[in-house]
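Note that the chains are named A, B and C in the order they appear, and that numbering of residues resets to 1 at the start of each chain.
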């Protein structure tokens, strides 16, 4: 993914000449790393597992340690929606405004969003395993909707990687992103109705008491993962921007080369005698 | 009628046109020449409103082709004959002609009338009407394509190697068609290697090489690069 | 500016063209329909089942078969204008992208209806299914058919003109059609007496999906075929 920056690329101030980092982004990165460490300690050590006492039998029940996934899974999900939301808005920009900025943003947001989406699925699966006793639960509405969302954007990324006219690809990708986002409510509603039919009961977010340290850790999770999202987006955007600049640069060079393409004898031939065969 | 200034057009990333300066006035006949890969076909597609110019000015029939609106508007007034037939292989000659005439916005009655006129002008016989296009010879297909274009009564004709693959009779018909178009006040741009044939129509010659105009014979200014 | 009447007239023209080409070339009839029946048969082999099991799964197997066959029909439809320069001629003709989209979607829809009708017959004969509510079956089939045709035509146009379009189309269009698969299967569960669900509520969802996909498709089609 990394590219050498080319001179026409307008990088932000303070950017080193061989990375996409800048003073600002490095600070953000450090903060995010520290935050992740703190979050890790809080989530996996300092907070309590979800242990509840059954009122009549006195037995312990609840999600126990599995609930710790809450602090990563939920923020990851929120960040996924933010990223994909940004992709949708940027895709609209691609279709309406057609400037490269929207296009690079859409691609970056989709890629980072898909990474987060994959992590949502993985953490959701890990969280659910002790509770459901399986790695995958077809009856979980959110997980199913997220899976379809993931598949839709996997298609988006596959489309982005096809070779061909870059402008055509970026327009088509924008359509894919927009239709995916517009289709999502339909997906959600249909999975919801489908899930309700199977009368599936399981512990959800609503059962948990979220207060004090739990609440604080969750909020911290949002903040930290938000920073991670921003950092990843920033860098992915810059890489995309540099790729774009390199492309423009090579096109400009190709134009100049094409103009100078006709050496004298070919010129004489062009003006004097025609070349036989099919045309250009 | 057609005005290009420093027009650059890309095919993917390849700069097929690297900066074309060209002016064509209404009613002119222009012969486009040049070696293979010079950009002749791309130039015709650009003038037809099928390509977005990367940079430069492109005006055809008073439409600004750097705008989407301009490109959409110009297409209906222009006829482009390319290498492909532009016909549906599985449909008959009659069905193709009828479809393309109605697609151009003609009513059923007008479509039939103009189609009959075009067919007789291009000598596409009645017996071919019910034949699927894929059973026709190359010459018959070319004439059917031309007939479908004649029906539209375009103001600007863009012909990419119209004589290629035709027999003597077919070539004569194409010449006659070009003559008709010119007589009717239309503007014709022909890209061809058949210089002698087209010479009979006293065209202005424009030579392309390396995606730019290298020579435009002096009946009018064309901007020599 | 095209008026509504012009758009509808042009759409009818385009639909007629596509259907006439199919009538002439018979690709869907000769190749896609047998493929659909084949898939039903393959499911029968793979599930190694008796009639009662097949009956239970019939709605799901039906709609998966329809979706897979629809992919072929959509590819075929999209390919009609990628040969012989007809795509270029269409752009030159001045037909509005909306009319082209609606016409093509209608033609694909008609072909899908024929496919569905044949497959219902297949279900009855091969899987021993009996239809309890014909009206629900037909309405749900129509709604789902529109939705699949609408999404398929859009993505067919999207994938055409790109490399690897045959492999791109399925991964792009199938996730978007997940709600249609879920809804149509549940509606058929009701209509075939397989499960106690509210088939009409699901059909309502299918109708909404059909509407949304058609509107979105018609709007987005222009961005794909124009430059």
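Keep in mind that, in the parts below, a residue touches a chain if its C-beta (ideal position, glycine included) is under 8 Å from a C-beta of that chain, and two chains touch if they have at least 3 such contacts.
If you're wondering where the values come from, they're calculated on a predicted model, not measured in any experiment.
Chain contacts in this assembly form a complete graph, since each chain touches every other chain.
Taking the mean of all protein Cα atoms as the centre, the chain whose own Cα mean lies nearest is C. Centroid to centroid, with C-alpha atoms defining each point, chain B and chain C lie 38 Å apart.
Our note on geometry: chain A versus chain B, Cα centroid distance of 47 Å, whole angstroms.
Distance from the chain A centre to the chain C centre is 31 Å, each centre being the mean of its Cα atoms. For chain B, residues that reach two or more other chains under the stated contact definition are 52. Contact with two or more other chains is made by residues 164 of chain A.
Touching two or more other chains at once is no residue of chain C. Residues 164-167, 247, 250-251, 254-256, 258-262, 266-267, 269-271, 274-280 of chain A are the ones that touch chain B when the two sit in their complex.
For chain C in complex with chain B, the touching residues are 10, 13, 17, 20-21, 24-25, 80, 83-86, 88-95, 226-227.
The touching residues of chain B, when paired with chain A in their complex, are 8, 10-15, 18-19, 33-42, 52, 160-161, 164, 191-193, 195, 207-212, 214-215, 225. On chain A, the positions that touch chain C within their shared complex are 95, 148, 151-152, 154-155, 158-159, 162-164, 168-169, 171-172, 174-176, 178-180, 182-183, 186-187, 189-191, 193-194, 197. Across the complex, chain C is touched by residues 48, 50-52, 68, 71-72, 75-76, 78-80, 82-91, 95, 99-100, 102-105, 132, 148 of chain B.
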